[in-house]
Each structure stands twice: as C-alpha cells, then as structure tokens.
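We just call them A, B, C and D in the order they show up, numbering each chain from 1.
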Amino acid sequence: MLIRLGFEITHSFPEPTPMLLTLNLHDSRRADIAIAKELQTSPAVPLQQYHDGFGNVCTRLVSPAGSFTVSSDMVVRDTGWTDAVVPTAQQIPVYQLPEETLLYLLGSRYCETDKLVEKAWDLFGHTPTGWARVQAICDYVHDRIQFGYEFANATKGAAQALEEGRGVCRDFAHSAVALCRCMNIPARYCTGYIGDFGVPPSTAPMDFSAWFEAFLDGQWYTFDARHNFPRIGRVLIARGRDAADVAISNTFGPNTLERFEVWSEETFVEALIPR
Amino acid sequence: MLIRLGFEITHSFPEPTPMLLTLNLHDSRRADIAIAKELQTSPAVPLQQYHDGFGNVCTRLVSPAGSFTVSSDMVVRDTGWTDAVVPTAQQIPVYQLPEETLLYLLGSRYCETDKLVEKAWDLFGHTPTGWARVQAICDYVHDRIQFGYEFANATKGAAQALEEGRGVCRDFAHSAVALCRCMNIPARYCTGYIGDFGVPPSTAPMDFSAWFEAFLDGQWYTFDARHNFPRIGRVLIARGRDAADVAISNTFGPNTLERFEVWSEETFVEALIPR
Amino acid sequence: MLIRLGFEITHSFPEPTPMLLTLNLHDSRRADIAIAKELQTSPAVPLQQYHDGFGNVCTRLVSPAGSFTVSSDMVVRDTGWTDAVVPTAQQIPVYQLPEETLLYLLGSRYCETDKLVEKAWDLFGHTPTGWARVQAICDYVHDRIQFGYEFANATKGAAQALEEGRGVCRDFAHSAVALCRCMNIPARYCTGYIGDFGVPPSTAPMDFSAWFEAFLDGQWYTFDARHNFPRIGRVLIARGRDAADVAISNTFGPNTLERFEVWSEETFVEALIPR
Amino acid sequence: MLIRLGFEITHSFPEPTPMLLTLNLHDSRRADIAIAKELQTSPAVPLQQYHDGFGNVCTRLVSPAGSFTVSSDMVVRDTGWTDAVVPTAQQIPVYQLPEETLLYLLGSRYCETDKLVEKAWDLFGHTPTGWARVQAICDYVHDRIQFGYEFANATKGAAQALEEGRGVCRDFAHSAVALCRCMNIPARYCTGYIGDFGVPPSTAPMDFSAWFEAFLDGQWYTFDARHNFPRIGRVLIARGRDAADVAISNTFGPNTLERFEVWSEETFVEALIPR
C-alpha cells in the first residue's frame, strides 16, 4: 500500500532559537520513500543533518524570531501487513544476548528499572518467559493505565504512570519498556506515524505515536501496549531508550506552539497532489 | 608519576549469574598502562569484552555459583598534573556545538533536566556564561549537598539529591551535570580511580569516584563538585550520561557482596610487587 | 540555486542478480533535497539501505532476470557558490592530524602510494607546503594526463595513469590523491553530480564525475585535477579511499548495460515536472 | 595454555619522526591478557591510542632522533585449540550477506579482484561452493607460490604474486583473499602472532604472521594458505582488507631498521620472568 504522511508544526519565537528535530524518517524506511518533500521550513533556513548515537536522522537549525513552520510531506510504500505475532518467540538468556542489545536492559530517564524491579518480578515472575511474558506486560499496562490526552506530562516516567494509572501513548510505552527490562528482556522505545488503517477512524486529531520493540529469538518485535493488538502501517521515525532520546523537537529557548498537524493516510498515487 | 591501582571485589551467588562489568580502564588511558593484570577472576571464567555505545570497555561473564572474585592490578603512568583550570573557557552556543555533544544536553535517568530547568535558570541565569557558570554550579552543589556514605541510594537522582541536600559523590556529579545541561552546557558523568594525591590521606576506605566533564571552548574539561578543587591523578574508567550508563557492575540475579576493596597509590617501580 | 538531477540506468540480466548501488545522495546533502524520487526501480523490487564504513548510503537489491532500470530524480538546493579557494590553507604535520584522517594517508587499490612515493618527492619535495602543494599536484596531473572516454579502464590505477598519460576523470582523481598521500597530505576520492554551471555546455553525454578532497588547516577542501578550476554545483554521492570503495554499482553476475543517462541542470521550481 | 609473546623493534631516525603502529593486541583478545607490558618505548615518549575504521587498536607517537625502540611483552591465555575445520560450512549468497561483510567482497590495494576475476572463475567455478571452495583456493595458492623471505616486496599484490609464483606469508594471504572475493566469498586479511605450537620448531627467526578469514555460514573462519593446515595459538593483532590497512608500522620519514625480534612461546606462569 501507499501511505501519504507528513506534518506541519508552527512555533512562534521571541528571538532566534536553536532547534534539534527528530522528524525525518528512520534510515530503515528511506528506501520506501516514493516521493517526498522530506523536511522544509518556512521561512527557509539552512538545515544540518546528522545521525545520533542510536542511528536516528536528526536535523539542526536555528529558527529566526517570529512564526516558524517545519513541514514534511511524503508518499511511502508499505507492505500493508500487520505487526508480526510470533507467540513461539523465545526469550534469550542475558549471557547470550548480542552486545548491542545490552543497553536496552538498563534504566533510563523515563524507564526507572531501579524503582520497578521488585514489582515486576512479583507481577510477572511466574508467567511463561518469552513472547507470552511480553504480552502479559502489555496486557497489564493496557489495563492499568487509562488513556487521556489531558494526562500528558513531560516529567512523568513509568513509575509514576503505573502508580497514577493515567497517561498518553508514551506512558504506555515507557511502562511496558521498563517492565520488560526489569525481567531481563531488552526493550526500546519507538516513535513514528500510525494511521487509522484497518480500524475505525479516530475522532481525536492525529498525532505521532509511540510504541516499543522487545528483543526475542534474536530479533526485535513490535509491541504496542496502548492499542494492544497488531496494527497496519507503522512508519518509524526514531528509536531510543525512551522519549528523552527521541523527542520530536528540542527547542533551546522560549516559544509558543501555534499549530501542530500530523497526517498518515492511504493514497493511491506516487505524487504529492495538494491535500 | 606512577600509580598502582586496582580492585578486588567478591560476590557470593546462589546460582550461575550473568554479569556486565565496566571495570577496565578507558581506552584513552590504555597507552599509559606500564604493567597490568587488567581483569582476572577467581575462579577463572571466560571473559568477553566489547565497547558500549559511549566507547567504554565492558566485560561480560557468567559467574559460577558460590564465591566469585573479580580483580585488577596495574601500574599506570600519569603526568601528575592537576585538573586544568581555564577560567577564560567560553561557552559554545547550542547552534555551534559539535553533533557528538548534543546527547549530553538531554535528560537522562539520574539527571532529570525536565524537573530542574526552571530552578537552574533562576539560580544561574544571571551568572557569567562559560567556565564561571560551571564553577558557580559546582559551588552551589558543593555547598548544597552534605556528603555521607549513609546517604547512598541507588534510585536517587539529581532532583532528589538537591531537594534532600544529602548524597555521595555520584549525587554531586549528577546534580552538577543536570544543572549544566539545563543551562545548555553539555555535561557528562565520569567514573574512575582517584587516590589521595596532594591531599591529606582520607580515613574512609577507598572507593571508585565520580566526577564530570563540561564542554567549553571546543573541549571537555574536568570538574568535581564533590571535592570542588583541582585534583591530581584521576584515572578514567568510563563516561556516560549518568551512573545508569556506567555502573561498575550489572548483575542479573540475586547475590551478596562479600568484599570490596579499591586502591590507587603512588608507586616508583613498573612492576606488580605483591602489595 | 535549484538543481534538477538524477539518472536512469538499465541493465539486462540473464538471471536474478544481486546488486549493490552507491547512488543515493550523501547524507551531508540530504537536508538540501527539495523534492525527490530518490531511488526507484522498474520493475519494483524491495530495496534495503545501509551505510558503508565511510558513511555513504548504499542500496542492496536483487534484480530479476530481464531488463531492469534504476532511476532517481530530484530537486536539490545549492548555494551556487564555487569551490572554495584558500591559498593560505596550511598543511597539518602528520603528528597533529586528526585520527579519522590517517586512513587517507595510506595506499589503496587505485592509489598505489608505495609505487609513487619516490617520484612524488622528486616532483613536489621543493614546492611550498599546504594549498600550493596540492595545487602543484593538480597542475601536474592536469597537464600530464590527456582526457578521453576511450581511455577508461577498470583496472587502471594512478601509477599506470601517470605512466600512460591518458585517462578519464577517475584517473585524474586517483593520480592526484595518490600523490597527495605520498606527500603526507590526507586525500580522499569523491563521486557525484556536476552540471555545466558557469561553463560552456559540454557536447559529451553527461556522466557522474569524480573529484577529490585534501585535508588542510583542519578541514577537507575540494580539488578537481580534471577541470582544475573552481566549479559550481557539485552534489556529492559518496566518498572513499578510491573508486573501489564507491563504485556506483557492484553487480554480482553477468549483465549488459543497455542505457545510461545522467542529468544535472538548473531548475527554478521545487517540483518534478516531467522532463 | 599460556603464551608469552612480544616483540622488540629498534629503528634509527635522523630526525624526529611520526609513527603509526598497529602492534597492540586486537580488542577481541584483550580479555585474555594475563599480564602485560603492552607497549613501551625507549626512550619513553607520549603514546596516543585510537581505533581505526576496522576496529584495530593503533598507536601514534613521534620518535625522537636517534635510536628508538618499541617493545611489548605479555602473557596471554589461549584455549590451545586448533583452527576450526568445518567442511559443512555453507557459502552465503551475496543477497543474504550481512552488510558489514560487503566491504570484504571489493578490491583493495593488494587484492586486485578486477585483475583476477576471470582467472578465479576459470579455476574455481566448478568446485563445490562454501568451505570446499575456500579450501580449493588455499590449496591452489599453497601449491602455486613458493615461500622465501627473499621474495618479500612491499609493492607486490596478489596478481603479481600469483604470476611470479613466489612470496612471503602476506602474499599467500593476499592471493587467497583476492580469489575468495572474486568468487563472492567475503575474505579479510589478518596479522598477528603464531608460535611453533604442535609443529617442529622453525629454524627461521620468528616474525609476525599473516593469515586470513573467510565468511561462511554466518561467521568468519580462519584459513592459512601459507601453512595450509590447522594451527594452534594464533593471537590476533589486526584485521583489514589487506596489508595496506594493517601495516605494523607506518613511518613518516627516513629511517633504518636496526633490530627486529618477535617471540611467541608457551609459558607456564602468569608472570613476566626475564627472558
């Protein structure tokens, strides 16, 4: 299938302000881009791209004072398949995990494994290991946390989200990631686009989404404690230890968010016909 | 000068247990090793080394059940100079910072910049930028936190340490790192050896130490909010965003710490004469 | 200025055949892409992208048997400036060179420094160091080698090109790179697009171009021994030690090249209007 | 088993001269070091270590004028096992090779695949693929090239070595590596220590040795076209595309080699008893 996706984000700045953006597609999807205005600004400013330590494509720029818009618009090819479901996927013992996964066993800003390790073993120590254990964690988080945009809070981590029982998609992801790590299953946070494909259209305005990946049987599998069932058409922007690593923007000065629109819709032509 | 340094750490394990160690010297000091038993275990087990994402040398192993000792003993060359003091070092504006430093502006597990940013600007927004600002942060943390081994707490971050006003060397480092980052100065956490060189001998048992580095004028400078004056003979083990990245050991199972000894003393021969 | 650039390359394969392509723009130009069909194939096949050890974007695919076309079409923003000319740029002594440049002092497949080092010192040992020495090398190579597409030869290296005095743009680049390295100036090979901007239009069919970069005064400067004067509108695809590292395609099986078209022209709209 | 290994190399320099050394053990063996003077110089000079693009540990220094010695002496643990022999190891089709192996399919300074590809397919196109094919290549090279220190030549590559039929261990390795690559089997060059373990003592003075690795069945296997049978006690220093990447020293100025001694012998104590 073809997906038309993009965003338009406008800030207002009292003075020239440096920004870091994590808003390009992930390199693993670069070959799927059919046609793109990948990242444009109005007014136009010089853009500088680099890869962060997790391999994500980031952009640096300095916004001028005043109203400043960053936008993207692309057509991306997708298999149209749902997230893989592999209940037989085994857990890898710590001593056999590949080195590059070990980082994803440790605590991080919003995944405070040190605070949750006892609770995790109490809750999941008797579940079967592997896929079933990750699914048990997703079920627990999905039931435990009530979704609501009004519960968004930039300083909230997994420990607080699980205690309050309220949050947005990033809190579901942080909570499940933290619990997986406590159980010695490498888990990493993902951010990207997900449209309403194969599900009833949502009435809420579209936003970027957060999900996570767990390492089982030698590969990373997608899980989503918020929706808690296999979805179609995720398009990855970035992965990291948690939301601190992959904030869509870091702005180094005061500003006002004036407009925020995200889209991810099926299309049938490889062209950017005006929306 | 020559420094004889090393450690001997014994755990007792009820069953075979995977461990990750960050106990080798940092690569930047590898060329200074005059003679070494760099990492040995008793009983001997296969060791596997790798570099983590920050460039630190890590070791993986599986301890057998029972008493298990990890040790190291080396003679290392050192200039004998104190930490550099460069009060003229300027702060680099965010838009000019090298890409590899940007990670060290973001929040991390124990450096919750999101919780401290307002306080930081209230406290330091009117201090001169650059070296003086980092020093003002060190002075503040040094005065604000009372040192005491009894205040150690594995889940404590900068926000809690500054609120309680109590901590160990890692809390001093986390607090200063978090405040620097809030002020847009890249800062990273360091762990390593520091002996009592040029200072009265301490009566407390020796331990590994934590300090930090701030990025000014295009390079990383050493700061130490705990001691808050230039020291001699630091020998780096590892650097990261905070203590979560560079724990000296991560142990994936229950265990009891039976013995913990660290040494770092001046020597005059390039040989490992029995201590 | 805006540059419309791209290519269309058709091979015919007797059987399914793996290919490696180095035909995406270099990451350093990714932020300049205004609109793009970056890499498309006909028939469509799965594409897999990765970065090689030099940081270039590469694509892997398996062509089906039959006629197979790879194409790209993009509009790219460019400053419109000529290559920088900085005659005061100093040569960095070997002991002060950054580590990542040292690789570009060594011999490589088509830059046989071991065969040319004596000749290089005879020719250039008495020229002023730094920019002037690199320019002296460019002048020598430019005068010494006669350009002609009929002189292209995939096994020809710098030593043979200089001896024969005949070659194509890659031979000019290899020769100058090899001579710079012999004189302890790091030099690397570049491949990309260059249109006829600010020069009389060429009558020859357009092709990708090769040039090189020399490391002086702490940065890489562009040189072009083939044209031997500052050009406008180079758009980089890849850099490496020599053409062996950045071949536009490596094809692992027999094939026939049926069509090869490259374009790089000024445009005035950020749109891919049919050419 | 325990192996005592090291070297002592003395050059005489008319003036201060920068050097790059690839003489540390490879990181993969760092955990096996029982006790070490890893790299020392006389007179002592500052050493700077870094990892090259292949992951090898390199050392930079500036030798003073006069006589200058670099030495190392270590005791290293080794399994004592011979090189693995796995005749069932399959060849991986190019389209399934991991990305990091693709570099080792391309031509390099001393492995001129472009010159040898036709000959390679004529010779080995009808042999069984996988392990048997690599072994057929080793057999061919072993029979085809006559060993003799007097045949050493720094500008000789695989094409010339195979044509002349004369060479030293690096020529055997280059020839086999080039032929493997021609047959689409990733192959890389290795340099390190090998003592006379399990073989009659050699009367020739000991030197560093060259061998190679071929990628089969998802891993790198050791092959040695010079000795052409499984050996005990190889200790790796560095790997690269060929000898140009891993020269034990690159010296940037005139010099005379005054002394060159290498040792690699079984020992029974973890101590550097004077030899």
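Methods note: a contact is a pair of C-beta atoms (placed from the backbone, for glycine too) under 8 Å apart; a residue touches a chain by one contact, two chains touch by 3 or more.
Not measured: the values here are computed from a predicted model.
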| item | value |
| --- | --- |
| Chain hops separating chain C from chain B, counting only touching neighbours | 2 |
| Copy pair chain A, chain B: interface residue numbering same or different (half cut) | same |
| Interchain centroid distance [CA atoms averaged], chain A/chain B, Å | 31 |
| Averaged-CA centre spacing for the pair chain D and chain B, given as whole angstrom | 37 |
| Two or more partner chains touched - positions in chain D | 50 |
| Contact graph of the chains (line, ring, star, complete, other) | ring |
| Chains grouped in pairs wherever the two touch, ordered by label | A-B, A-C, B-D, C-D |
| Chain C-facing residues of chain A, complex | 24, 27-28, 30-40, 47-51, 57, 59, 270, 272 |
| Interfacial residue positions of chain C with respect to chain D in the complex | 18, 20, 50, 52-53, 58, 60, 62, 93-95, 99, 102-103, 105-109, 112, 114-115, 154-155, 184, 244-245, 247, 250, 252 |
